[in-house]
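I have a structure here, written as structure tokens, and I will follow up with some questions on it.
Chain nomenclature is as follows: A, B, C and D, assigned in order of appearance, with residue numbering initiated at 1 for each chain independently.
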């Protein structure tokens, strides 16, 4: 009659010597896989202002503007993502023809004010620089290549 | 002695209550500790997914489906892409179908694991919840690796899936399966045989087959009555007909059956995953699908077996690239309806045990 | 070796009593603080987590940080609460929990503790006062969850006091005394856990219920009743309830060690260390159970007490009496 | 029902029917479609036989899906027949939805019912004028439709007569308007 209870007690006792599975979070950061979808990074020089990302965004959190420069090409001027409503669905990076907008493994988005969640082009570009530095350019290139390969596979 | 004056007490459980799994509110009328009437009040998490869908293209709807039953987002993904593909007669590559099955079944296992943990937490046991999270974490990591997100995957596309499996992914699943079996044994030892647990769930909250069918229940709440009904077998979609798996059913339709079926189903899901990774064909993962999806005008209904039951999508299209009307048949919403009749004349101590066993997710109930 | 009860009532003895009391209480508070820490660490180990680790080395000062936080918090009294009762509730629960410590003989010399002739009776009588504080606080909160929790608490604690007392009766029969020190001394040859194994089982179960620990934590039942009787309490009044609960665990551990495990008896180590180990075992058991079991159903709870535990404990008394006569 | 609204309820059914049946016309007979047609004919026959010709407005295939358009006044009666008739036995309510067609002036309520014995899924629908939208409640036939009807009442604004507990379910009690109607706007003028 008491057998089930004792079995349960045995199970919990057996766990005590086992190795912990949790991370000391702020000291030890999780290691995200390559495809992880965190906060975006943006390469202004790559952008051709095609507006596809803004159009495909389900929550309309991207707003951008650009002007036609001397060389008859469009140049990006402002690029804002509102992370209050961004759902990190990755659709924008999927449609981007030049890979100007990509996702990083930055996942900490807590801010003290809502205004701070409004990320502009400088912030996104800086995030990109930091991410590239962190990952190493070669690593990023590999990631980029893998993504390109994936894209090729899709078509 | 004068007649003792007694009063019924109205107790408002939720929307902020630890065991209502989100923001469900149940107003219960108590006579002592006996529930005389229970009225669920929902809508606290209503985000208007159906209305939002009317303004979104089909590929944009997929991330919204992630957020319905957010603990089994892969299966939700499957529901919407399956519905659109059926409506448009899109064939998808075999490999994509297999990948869908694999991620779907992994996600189903994760969702069932969470049920087991949360249910035991409702019943006052803390440890199973954490053991469940340990196991679930491995699955979430696998899904994170293939889709890039831990919870809201947005992985499936009309015409296939977004990514092929990363290198070494199948090997990792193969590693995971023995670990899962070990943990499964642990849950079985820790929970299933526990006399205290059994006394709280056995024979409590039971209903019959006919009642279940009349209420339109699906998934485990229906199967717990012994009715063999699983869309993966009964209305086979995707490539489920190629795998050898069982549909476990209960006998009494009580809390215990509902709990135990979750365990048994996880085992079957892992069986499917095992077979699928052994027999997955090579090839592309994205088939031919138009860039802008337009469903021919008409009305379509297609359902898949979600983690909670039949997850159906009804689309009215007027030929444009956005649905004219979309109705989501959310299993949690339908299953929750049986709660008032189940709770009537039960002891309040069983309230949480019954509510928890129905396995609802409020994101899905309120949509 | 102080004979408190036989000393003349002079300023010096009063000072001695006060100093003794303060020392015992601080030691107990320390024990309580670290049993909370131990609880969290043990549960964390069972869950393969790390547990508290931020305040001090290995989180050793976590409990003090918690207490400090609770003391600094605003003392909120709900607008519709019965204010006087609401404020008194925690005291009524808390004061007896410290008073029972007077009869726990943690050393052979029972330093600073009273060698009471009716020690067991004193413990049971005082500890049952605490439930009044719980019910009072619950009722005064004017919260439905609190009332249900409080009434459950009353029903449970009253029901389980009987098997608890009856199971101790077996020990009293064996030792022939209600003085806890004499009970310990009667175990020189054999710990009472051996002849009183049935009584011990009943005692452990009833003790868990008396302490409202898992699997009998119905009065609090956080997944059903939010926090039961303490739902509306915050700040240091809440701390008093919690403190009372943990002091009782320590005291009950001490009682179990004294009644069944031979008290301070043991080789090599000093008496108080043995006492600590034995009481610690009991405390570990409560946390172990907490890490393993779900909560019992409340209807079953009553049935279990009246239909299972009480008959068994009565049977135990009869058996003990028969054995005692047979041996004599 | 006014004379005018009656007219509008009848007309557009043909239009939707045409839309869905155009694609596979030229091809060889589709076995799936033929099977569905068989089911459609059999059930239509049974309904007509039991309740007469006048209850059905239309019976058509919506891409392999037998669909019956029932007149509003015979809604409950028809569904009851579908539920209780031995040869039909549609005992499992799968889904129910209301759709607003402001252009046509009606709201369409569709019900998918499944027969566990015969393994058949059919759709039954009916139409009610937009203003003063009202339908007989099915919640006594299928208990599972209780909340579905409340949801349709809440979001589309169809009143179900005879419903035991017709309250708003998603929106707050004092909410005005029905969000899933096409002319709904959150921006108050």
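Heads up, the rule we're going with is that contacts are C-beta pairs under 8 Å (C-beta built on N, C-alpha and C of every residue); 3 or more make two chains touch, one makes a residue touch a chain.
No experiment lies behind these values; they were computed from the predicted model shown.
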Chain centroid nearest the full-protein CA centroid: B
Pair joined by the larger number of C-beta contacts - B-C, A-C: B-C
Chain whose mean Cα position lies farthest from subunit B: C
Centre distance in Å when subunit B and subunit C are each reduced to the mean of their C-alpha atoms: 43
Gap in Å, rounded to a whole number, between the CA centres of subunit D and subunit C: 65
Whole-Å gap separating subunit A and subunit C, where each centre is the average of the chain's CA atoms: 52
Contacts with 2+ other chains: residues of subunit A: 5, 8, 11-12, 15, 21
For subunit C, residues contacting two or more additional chains: 46-49, 291-293
Set of all touching chain pairs, with the criterion as stated earlier: A-B, A-C, B-C, B-D
Touch list for subunit A against partner subunit C, complex: 5, 8-9, 11-13, 15-16, 18-22, 24
List of subunit C residues in touch with subunit B within their complex: 43, 46-49, 144-145, 148, 214-215, 217-218, 221-224, 226, 290-300
Subunit C contact footprint on subunit B (complex, rising order): 9, 11-12, 17-19, 33, 120-127, 130-131, 134, 190, 194, 196-197, 199-200, 347-352
Complex interface listing, subunit B residues touching subunit A: 56-57, 59-64, 66-67, 127, 131, 134, 137, 141, 144-149, 152, 154, 160, 162-164, 166, 186, 189-196, 198, 284-286
Footprint of subunit B on subunit A - complex, ascending: 1-5, 7-8, 10-12, 15, 21, 32-37, 56-58, 87-91, 94, 103, 150, 153-155
